[in-house]
Every structure is written in structure tokens, then in C-alpha cells.
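Which chain is which? They are A, B, C and D, in the order written, and residues in each are numbered from 1.
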Amino acid sequence: MGDRGRLLVSCPDRPGIVAAVSRFLFERGANIVHSDQHSTDPVGGVFFLRVEFTLADLAARAEGLRREFGAIGGPHGMEWRLALAAEPKRLAVFVSVEDHCLLELLWQQRAGDLGAEIALVIGNHPALAADVAPWGIPFHHVPVTAATKAEAEARQAALTDDRVDAIVLARYMQVLSPGFVAARRNRIINIHHSFLPAFVGAKPYAQAHARGVKLIGATAHYVTEDLDAGPIIEQDVHRVDHRHDVADLRRIGRQIERVVLARAVRWHVEDRILVHGNKTVAFA
Amino acid sequence: MGDRGRLLVSCPDRPGIVAAVSRFLFERGANIVHSDQHSTDPVGGVFFLRVEFTLADLAARAEGLRREFGAIGGPHGMEWRLALAAEPKRLAVFVSVEDHCLLELLWQQRAGDLGAEIALVIGNHPALAADVAPWGIPFHHVPVTAATKAEAEARQAALTDDRVDAIVLARYMQVLSPGFVAARRNRIINIHHSFLPAFVGAKPYAQAHARGVKLIGATAHYVTEDLDAGPIIEQDVHRVDHRHDVADLRRIGRQIERVVLARAVRWHVEDRILVHGNKTVAFA
Amino acid sequence: MGDRGRLLVSCPDRPGIVAAVSRFLFERGANIVHSDQHSTDPVGGVFFLRVEFTLADLAARAEGLRREFGAIGGPHGMEWRLALAAEPKRLAVFVSVEDHCLLELLWQQRAGDLGAEIALVIGNHPALAADVAPWGIPFHHVPVTAATKAEAEARQAALTDDRVDAIVLARYMQVLSPGFVAARRNRIINIHHSFLPAFVGAKPYAQAHARGVKLIGATAHYVTEDLDAGPIIEQDVHRVDHRHDVADLRRIGRQIERVVLARAVRWHVEDRILVHGNKTVAFA
Amino acid sequence: MGDRGRLLVSCPDRPGIVAAVSRFLFERGANIVHSDQHSTDPVGGVFFLRVEFTLADLAARAEGLRREFGAIGGPHGMEWRLALAAEPKRLAVFVSVEDHCLLELLWQQRAGDLGAEIALVIGNHPALAADVAPWGIPFHHVPVTAATKAEAEARQAALTDDRVDAIVLARYMQVLSPGFVAARRNRIINIHHSFLPAFVGAKPYAQAHARGVKLIGATAHYVTEDLDAGPIIEQDVHRVDHRHDVADLRRIGRQIERVVLARAVRWHVEDRILVHGNKTVAFA
């Protein structure tokens, strides 16, 4: 993985983008391993590109590449970034009292399946501190009340700013302030249950049970100011029937949540997700 | 199938129901082939039972059985019915201009996979008459406008009452009046698209595309006065991604709709669905 | 759960079985909560029944019930058993070096989702001892070589006989002897990868990759003398494509294996699986 | 669609391929709409590219483009082709007596969902002639016996050569000769049932039922000399359980077969499938 890079680009679509990017990489001796691209509309649309390539001595040359690529990116109006596979992303996991999503992330990290490093865990309850301890990962108890929310977020910011690439809300039951969210656009991932149809209000599993739904699901998304309505990264469902009581639905819901969240985190840290307005292009 | 019967029961749960029903069948020489049962709560709940059995000369004995079973059903407060597999249900299919659900039902009937007979098709547009003609099934064009709705429903009633067991709305784009629906409780089946999350209002596929959903689905349900909110019979989803445009989503949506509707119709005509409040017990 | 029992019956199908069993339960004041039954053929077939019921003071009355039920079971040629939900099954988990299935079982036990107690772990390698230690569950290292297999199995038997209800092979890479298997018929559960088509021989994931399969899966089954060909309890698959290399297939395979195995174990310990010849009736 | 082209390339992987192709398209004023690429290994592997682009007056310019592209393709050792979306592929469908796959293809063609034109149907039985007649598509009855196989294939060749782009075996129950297959490499698509595990020999659904499989599936693949072992295009499965008898498995199998085959055909005619050895790269 040492010499593998990922170049992510989005810009107004027009002829010549791929030609320019691929010539840039070719002239520097890079070899393209994977490439995904998408255009919302070849005329007046937005173009998205993810190129995975190998290049000898990438780590040493990355800064130079970034400087040089600016000469292409600017004229094409590109938003772009270059990420190195050898520098796995660092995550902060925010939790409350439910452990299933946290444990899945810890377990997948250990199995080498997450593609990221969990740098710290922050809980607004101390409940999960004991679960984190054996992993040698710092756990910070940052209580949050209506009165102390600003202060708590300041502490969360101090613990995470410049130290992690993304924040994962692993059943974190506090609503983050619009300011906190806006400063970390497309870098906070949340998981929540999803149903067809959706159920608004409290006790969604009880509502789903009362309605006799045949599928329950979960959605992982980036957090925006609009609660649970940010860009969707991944979704999945599981079949249920009348024999499942509310506790069964919750149990099955937990299974879907942990799987979907882990998949979304993996895609995020592998730089597979590009955001466009309120939707994602997921090169999964 | 000649001697196969299905006994459907729902009643307040209390000990002895299964014992009473199974003794009834045993004493008459019936052999239970399948039996499904469900209780919402053994204390104070509702009990649901579906028994499929074989009994020699069932057709001739059915009326007698019904008379005798009343002696059990009454004291237990049962709602019940006895259906004969040899008497397949008759369906009226209501359509507008989209053909995919109608064609799937016609095709599955022909393949012997539907378990029912499509007795007639009623369209508020004439568009699909030509599709129905080769099947030798009557097509009735019953136009509906705001001004003529009552009259149109009177005609729909005249065409279907005492002639069909159930009405299938196969992308029928008119809203039935509360009175029409109430008189056919749990006997009108509808199909509609479903998303996670749900999208309210016009052009749902366009909304789903704008939101970048990763799953699209369909829900088959009994029609109630509350549009699209009746008891769910069956649901399914299909995976989509950013490469699918709105036309793709509609195409995939059509595929799910026809499959889910046909499955729901099949379960209904095989007497596998019991309704309880606003949910179903689906012994599928 | 204290007063909940599960009665499992299989016997030659003939009229009157359900009537007899349900009257037996009714006369003793039991209330049936769930009941599933299946007949391979009402004429000359085999009948399977699983009844879940509540009965006051079940624990104290269980021995009496068993004695009394013998009077019904004998004449009908029943194989039957009565299990108490309040007595969760005890499991021995056999492992080698891969941890994913073991960890899933441990985690689901802790979450209360497994419905069983992991009484001990036996490894032919010591590799996973450290993973088990924090859970306070005994880990026994029982090395196995061709020369010591009989001795090793004797030790495995001594550690598990009369102490566990079932053995779960959680990626245990040793073949058990026919004698060991025969003595624990339908009480040893194994998990293995499955593909369409199947691949025989070494390195199945490499073979699946070479063949470009679009689905990979896993099968949980009871162990018989015929390796990997015992009665299937549960199966599932996951979609893959050309972008997945062999390591990806193995990673995805691990995810399916742990989910499918845990589901199969849960169904087994909840007495939902009845075996008939080389197949299961899974009242899942 | 008039100006949309698809360029398909496979060649030894080395730096500069994408740069060369994209510059070629850019210099001619083409705009890339979608692009998918895959490398089996950046060092010494094989590179696959599918570019979908728009170019004004494509139909008129296609021959010129092909001539000019040869100058790039040659030096890079490319196998390549340029297809025009405005020229939908023509198909011959081979059938025997089962209609479900044929009808699905006819129906999807009519719905505009297939992306191809069914030019003719050839049956070794006359059974399905009546089904094809109303569509205005020629049906040719070409009986096949061991004695007449060579002659029959000569007639099949005469009916299809230079007249169709691909042959779809829609439950065609004759084995094509190695010579016939070899001359139409990666242009004959077959569908067959698939199980986990696989069942060899006659009556696979009966075998699957006897084994109690929990999933049944179907595989669409290109036909090679090695029966049912050619490059896999698409697969899918459906869940079954002990309540399904052999007839149910066949019915469900038919549903999967028709869906999987139609999906594979659509991908083939949209030039989404590249073959490499015995596997496909499916840019689906």
C-alpha cells in the first residue's frame, strides 16, 4: 500500500478533464489501478472522478504532486484532494450507552477490515468506558446537558480538531449544534434506523411493529444541520414478519445498523464517497 | 387440490382454541397439512390460525362443515372462514395506463403461478384494452372524472359485486371513495413505490434521485380510507446507485412493483393474510 | 421467560396428532404462544411440530409433564422433547486460529442476542486463548495431530460431555472422527463458505475469484460423517464483483460466515430446528 | 441516444492507456459521460476500459473514428470496439418448451427495458410459436435430433449469421456443438439454475428439495464448450424453506431465471460485459 494514492476530483463537466488528469499522472510515471467517474450531465453537469494509482516514492513526492496538480485543478474549477493509502484516516467515535456500533468498529479495526484507526472514543455517558479500555484507546467522558452543550462541544472540538479526519456517531444520542456540524461538513457520519414507510417521532420500532412492516433498515449518512436528512452513504434492510416482537425488531435493527455503519465508514476512509449537494456519489 | 381446505380463524387468545379446532377437524376425518398460528399476546391478545387440511369429498361437505363449525366459533368469539382450494378466487384488476403490473398478473395466471382467475379488467383509460383482448378477458372502460366519480364507482360495483372476491389496483391512478373502500374492507390490494426515507408529494422517483437513495422499493397493501396507509401485505427493495438516472429508477421501480404485487395477490388468494387493526399477519 | 416451554415433536403423519398434543397442553392449563408445524406428506409423510407455550410453575412441573406426555408420544410413534426457555443451552465453541466467528458468538452472547451460554472454548491452537480470557470463559488448548487425534477427541469429549448441549465449530480446521460425530448427531454445528457454483479443493476463494462469481455465501449445517454435507440450517450470500480481489472475497466471506453461524446457533438453541434425514425443518 | 457511443478496450496494463484514449476522444470533441475501468494488476495485468461518450454526428463519423482509433489501439495491443447506442443489438432467442424466459424478454423489449431488438426466435419444438406470433417476430421451428444436429446447426447459423449480434438460450434444452459455440465466442448467453451447494445430474430441484437448501438461484453466463461453466455474467438467489415443495422451488426458480437472464442480456447489449479468460468484468 506504500505507493498507492487516491485522487478525488469534482468539477463542472466539460470535455478534456479525464485527458488532463490522466496525462498528468502518466507524465509522472503513475499507473492507474482503478478509476471511477460519473457525470450528472455531460452538458452543464458536475463531473466526479476517483483515481487510484501507484507511484514509486509516493510519500516523498506527495507534496510536490499536490503543488503541481493545482495548475490543472485551478483552470478546470476543480475541487480535489490527494490521499495516500499509507496514511489511514483517524477516527473519533462518539457514543452514548448502546455498544453495538462501537464494538463492530473496534472489531473490524482489529480484523484489519476497517481501513482506519480509531484514535479516541468520546461518550456523553461513561457507560462504555470499560468496553474501550482493553483496546488501549482513550475514552473521554464528555457529559452534555442543555446548559453545558456549548462547553461540551468546545471540549469535543479540542479533543478532535487536527487529530482526527472524521467523527463517527455510533448511536450517539445527542444532537450536535449547527455550528459544530457546519465546521465539519461531510466529516461526521451518523447511523439511524430506516423503515418503509418512515416513522416520525418516538419509539420508531414500536411504530413499525404496530404497522406490521415487512422490512426494517438502517441508513448511514453525513450529518447536516437538518437532522437525519444529510447525504446518504449506504442503506440496507432485513426482512421481518409478524412473529417478531418489538424487542426482535430492535435486535435485528442493531445488526443492520452495525453492518451499514461499518460499511459506510470503510467507504469514507477509502475516499470512495464524493458529496454533491445533498447526495453522494459512492464509488463503492 | 380437490379436497384441500383452508380454515382461517382470529379470536381473543385463551387456552383451548387449537385443541377445539384440531379436535373438530380430527373428528371429521380431516388431515392437517399445514398449520400456522400467531398470538399477539397469550394474555389478553388476539390469536390467529390458518389450517390447511385435506378431507375426502370436501366440496360436498363444505356447507355442513361451516354450519357445524359455527358451534365452536361462536363461543370462542371467532371470526373465521373456510375456503376451498378447488375454488380459486376471482379477481378484478383496475388499471390506468401503465401496463407492467397488469401484464405480470396475466402472465402469472397463465403460468399457473397466481392461484387465481382474473375475471375482468376495468380501466379508467382505454389504453390497455388491446393488451387484455388476446387473453379473452373482458375489459371495461369506465372513465372517471371528479363529476362522474360516484356514477363510475356505481358501475365498477355493478361489474364486480358478487362476481369477484378481490380487486387489485394495478397502477390504477384514481383514488377510490371512502364508501367504496369501506364496503370492500381487506379486499382491495394496491401497490405503490416505497423509499427509505419516504418522499411525500409529486414525482417521488425524482425526489429519490435528488436525495441519492441507495435502495428503492415497493409496498403492497390493503386499501383503506387513509391513502397508501393500509395494512402492509408485502414489501421489497432493490439496490440502486448514483449511476441510475430517474428513468432507471422508474424502470427498476416497475420491476419491484410487479413482483411485489404478484406475491401479495398470490398470498391473498391462498388465504395467507389475516388483518388485525392496521397490520397483517402474513402466513407466507 | 420463566414459564415458557417448547415442545418439539416429529412422527409419522396421521390425523389426530395436533388434536392430541393441543388437548394435552390445554388440559394442563398451558397457553400456546406460537406453533409451527409441517408435514412432508399428509399421506405417509412425516409430521413436525414445534409448540411454544406458557404454563405456570413450568420448571417445577416439567418432569411430570415429560412423564405424562410419554403416554401420548408412545402410541403416535413420536420423537419428542420438552425444552424450557429458562434453561438456556450451553455451548462449547471449537476454534483454530481465525477469530471472526468466535468473536461474533461472544459478542452476541453479551448482547443477549444468542439465547445461549458459551460454557467453554476449545482450540487446537492456543492462538485465541487471549481473546477468550477477558470474557471469563475457560479456554482449553487441545492440540490435534494425526497421531494424537483419538486422544484429543477423548479429551474434547471429557470436557464437553454432560456439560454442553451443542458444539459449535467456529472455523475449527480439524476433521472430527466419524465416531465422535455419530455420538453427537445433530448437536455439532459447522460453518463453511459456499459458492454458486461450488468449488472443490483448496483455496476456494481463489477459485471463486478466478471464475468471477457474482455471489459468495456461507452455509451453516449439522456435522455428519460426510464432510460439509450434513443437514443445512441456514445460508446467505453477498454480492461481489470484479473489483473485489481474493482478499476482499475472504473479508466479505468472513462477514457472511459470522452472521450465518450466529443465526444458525440461535435457531438451534431456541429449538427451532428439526432434522429429517439429511435436511432440516427450520421454524425460524 | 443518437450521438452516444461506447468504446470498449482491453489490453495489457501499463501507464498511459487512459491518457491516450481520453486525449483521443477530447481532441475529436467527444464528452465522456461514464467511464469504468479495471486492472487485474497494474504490473503485468490486463486493463479493461468502457467509456460512454457523446459526440455530435456520431453515426456519420463512426467509421472515421474506428479507422483513426486503430492508430492507438495497435501500439497498445488493444482489443477494442466502438458501439453506437443508436444501433441497438439484434438478438436471436433459442427456446424449447418453457416460456418464462422468452416471455420476459419479449415483455421487457416492449417496455423499452431490454435495450435490444429480438429479431427472431428459433425453437427445437414448435410449442412456443403461438406465443411469438402476436409480437410479429419470426419463429423458426428447427428440430434437433442426434442424427440431424449438424444440419440443424447449419440452419440455425444461416438464420442468425450476419443477422444478429447475440444468441440468447432461453431455456433451450439442446447442447450446442463445440464448433457452433467456438464460432460465437462470448456471443451466446445461457441461463441455468444454481444452488449452494451445486447438484450434479438430473432433477436438480428435486435434489435441492431433498437436501433442504435455504437458497435457490440462477446463473447467466456465456456459453463455452464446457457446459454451464462459461464466464458468469450475473447471478441471483431467492430464499426458500421447508414449506416449499419441489413445484414451488421450480416456480421460484423460474422467477429468478427470467430476471437474471434479462439483466444479463441488458448488460450484454449495453456493452457492459468484457470477458477475460473464463471470467467477466461486468461494468453493470
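Following the convention adopted for this analysis, a contact is a pair of C-beta atoms (placed from the backbone, for glycine too) under 8 Å apart; a residue touches a chain by one contact, two chains touch by 3 or more.
What you see is a predicted model, and the numbers here were worked out from it, not measured in a lab.
Asker: Need the most distant chain from subunit D, centre defined as the mean of C-alpha atoms.
Answerer: C
Asker: At the place where copies subunit C and subunit D touch, is the share of residue numbers found on both sides over half (same) or under half (different)?
Answerer: same
Asker: Centroid of subunit B to centroid of subunit D, CA atoms only: how many Å?
Answerer: 36
Asker: In whole angstrom, how far does the Cα centroid of subunit A sit from the Cα centroid of subunit B?
Answerer: About 41 Å, centre to centre.
Asker: What positions in subunit A touch 2 or more of the other chains?
Answerer: Those would be 34, 38, 243.
Asker: Which residues of subunit B touch subunit C in the complex?
Answerer: Result: residues 13-19, 22-23, 25-26, 29-39, 42-43, 54 of subunit B touch subunit C.
Asker: Show me the residue ranges of subunit C that touch subunit A in the complex, using the header's touch definition.
Answerer: 34, 99-100, 103, 107, 111, 113, 134, 243, 251, 254-255, 259
Asker: Tell me, which parts of subunit B touch subunit A in their complex?
Answerer: Residues of subunit B touching subunit A: 38, 194-198, 210-215, 217, 219, 229, 231-232, 234-237, 241-243, 277-282, 284.
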